[in-house]
């Protein structure tokens, strides 16, 4: 893919450090970046606590710009070290990286404390990068492929859950009215979602006998149908695990299911792996 | 089934547009109808919010009648485009379509704002039609057949859950009495369902040590038995996914269910796999 | 088991009606009894609602004795129609039947309204009989055998959950103290069970930052380990379903896995079922 | 492992009683120890209830020292009866045993009621020993191996849950602000964990329409993704149960994992099944 000829050596070296995780230097870079991201996330969190913001206003300001500087340098390095910068810039991580770098500059240019904070919180999107650690854990591939296979079916299911909530929420609004806090249909649907998903905050709760009777039905339904997504994922994941990595077919007896590390066919003893 | 001879061409064309989803025009009709349904659902929801109803009373009135007109036309078209109108009229969707069309007419004839609204909410039943989209998503068939197989067993399970709640609710009423809000047995059973299904509103909660001890038992039981419906659906779905790989039909006895590796029909012994 | 000779015919006939569910008369008896049980349960529930008890005191009194009379007659019939009455009397259902019959007599002899009600609630135990309906639903056998196989493992799991709650509850008491309502260790353990099982009443909730941090850990743990009982039941139930009903081994090719309704071996076409 | 020669007989005997559970005496010792542990745990719990501590101060004091004496003797016996005391002292149970023995001595030496209690609660760690009973229940091995295989994947999953909570919590803080109690980001993240894990205390709950809309999304997400850990454990446990039917060890290369129907070793091709 990458044309190696018209590609200076320092660029290749930089690419290895920044984009690849196989070499020791690449791993070190990854971990250092994660630490910076976690610190920046912690900073945004702490800034949201009012007494902390008041007490350490200056420290936050300094840390703010240090983080911004690091992110800016990283963003520039990522662009110059890759051969097709557009591919990175418009990728998911490229956009996240940009969004998490610019807030401080926007704040510097336009000011506005409250809005500023909202924009700065975009930096939290960086935590997605932490998920990259999962590369280091084996068999994630199978889990992800199982989730991908389940996605459409789980979405249909969650969609059906929302429709049940719309019907049941309207019913509860008609039955309970404003007495139990079911003031309007959207609010009743919100309560229904809270109940069917077994969260149950309790800020809104039925108080009429009939409302409680219907609520019991909704809860038992929710308890029964939570089985559906679980059943889907279990089955898909089981299937993904069953799919043998070793897809070799024995040339002697045509047996196709072998253990992953098999060197000989378990059915006829023929050598299948050199 | 449909006698094609005494069937005018425009009727067949209309039938294709309204009832079938395979042709581009049929798909467009389906999607347009869904949009109208979602708008009508959104209208009913917004009308339930009191400040919105006051502010936009006239707009709601107009939208109301536009939707009613569209639904009326659709209902009439559905009846005249089908060969056996009775079959449609008394089908599930036929009844839902009628119920969601007439409320405005009833309101016009008899008035009565509160009751009127309750009837108009019937229009929400139309959202079931949205579920038809699931046709476009593959393998739903297997999921539905798994759910159908699980239904009876899950009902028995939910039934057992209700019986546990009746016993435990009575016990809690005797132990807690009116102190913790367990005023009578039906209310205690309601609390038990709220707790066993892990919803836990908190509007009623035990306050005596013994009551809390029994509540702990109920909660741990609920945590343990949530596994049962999940196990049922998982297994049934796994089975449904495993089953129909060998879709060969025996040319001798027309048996269609064979084991994946079957060479001979298990029903008549005829060779089905060369 | 039952010695048919020294057994009068009316007794055998009565036994068939009362104890067996295969004959139409037996089924009718079962259903009639269920109706009476459900009525008696409904009565106990309604009596617990104070305004109902006040208004319909006399009606409850009459219904009370009618139900008691029916249960007394049924109990006597069950004893005289069986050959080994002791076996019935000391069986689970025998004891439940007795306990649900005597409360009215005890109340008549000794009086005492409050205690009386507590005893009368024993009648609710009869609802267990309703579970017998599950006989009419196929494959319950496999579900029950799966649950029996899972029982020991799920108990160990729930036991581990309780131990986690003891440790975490003590920790929460030390961290939160009386501020958040964690007054003593047993109460904190109760809160931990409420939280780990994802019920979450909210009557007790942490308010210190550290308490909330630990609570987050407890909740995420609870969310993660709910998978364990489900996994156990799923696997056991899958295994129970896989165990082929048709355990015949083909006498020709020794293939042992056949479809339940197989008449011919699917592997060699040999006739295995006459 | 244990050099039997330079090992006095009483030491071997003591080792058998204390460390092994196969002999009747060993079992009796295990059970006696469990009873003492449960009593000591109950004592710590009761001491935390203020009115009990006031009323039975002296009884607690005596019981305290009796338990401490028993634990001290047990700890000494464990050290002298084992050949490599260091291995025990620095093992998990060794440290727990020490930590649960010393609190009373520390309290005696330094005093300080509040701190003292916190330290004494360490004794609760002993309850882990109760888990050893699970040894007596078969097939725990397979469950534990399934959990071990699932661990890494479930941790990645819970990690992803935390990241979702960080993003969603920040969003909720920006949307709800201090109105609904979402005062700062850490608190909002705490609320998100409470919600996503379907616990739902209700001490903090969104009150703005937009906040409730986002909360609905979070709840439905939580309801959908609870399927993931369950799917993982189900599959791993199914696999663990399926695996070791063929327990043959290849006589040629000592490979022990073979497919159930293997006739030849998959590793060296040696015939293992006649």
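Letters are used for the chains, namely A, B, C and D, taken in the order the chains are written, and counting of residues starts over at 1 for each.
Rule of thumb we're sticking to: contacts are C-beta pairs under 8 Å (C-beta built on N, C-alpha and C of every residue); 3 or more make two chains touch, one makes a residue touch a chain.
This one's a predicted model, so the numbers in the text were calculated from it and none came from an experiment.
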Duplicate of the C-D contact set - from B-C, B-D or A-C, the pair where over half of the pairs recur | B-C
Count the residue numbers both subunit A and subunit D use at their shared interface, divide by all numbers used there, and answer same if that is over half, different if under half.
-> different
For subunit A and subunit D, what's the span in angstrom between their mean Cα positions?
-> 28
Subunit B to subunit D: how many Å between their CA centres?
-> 42
Junction residues of subunit A - those touching two or more other chains = 186, 189, 198-202, 226, 230-232, 234-235, 238
Seen from subunit D, its contact residues with subunit C in the complex are 41, 44-45, 48-50, 117-118, 121, 124-125, 127-128, 130-131, 134, 137-140, 143, 146-147, 150, 154, 157-158, 161-162, 186-187, 189-190, 193-194, 196-203, 226, 229-238, 241
Which residues of subunit B touch subunit C in their complex?
-> 152-153, 156, 159-160, 163, 166-167, 170, 173-174, 183-186, 189, 195, 198-202, 205, 209, 212-213, 215-216, 219-220, 222-224, 226-228, 230-232, 234-235, 238-239, 257-259, 261-271
Per the touch rule, the subunit D residues reaching subunit B in their complex are 198-202, 230, 234
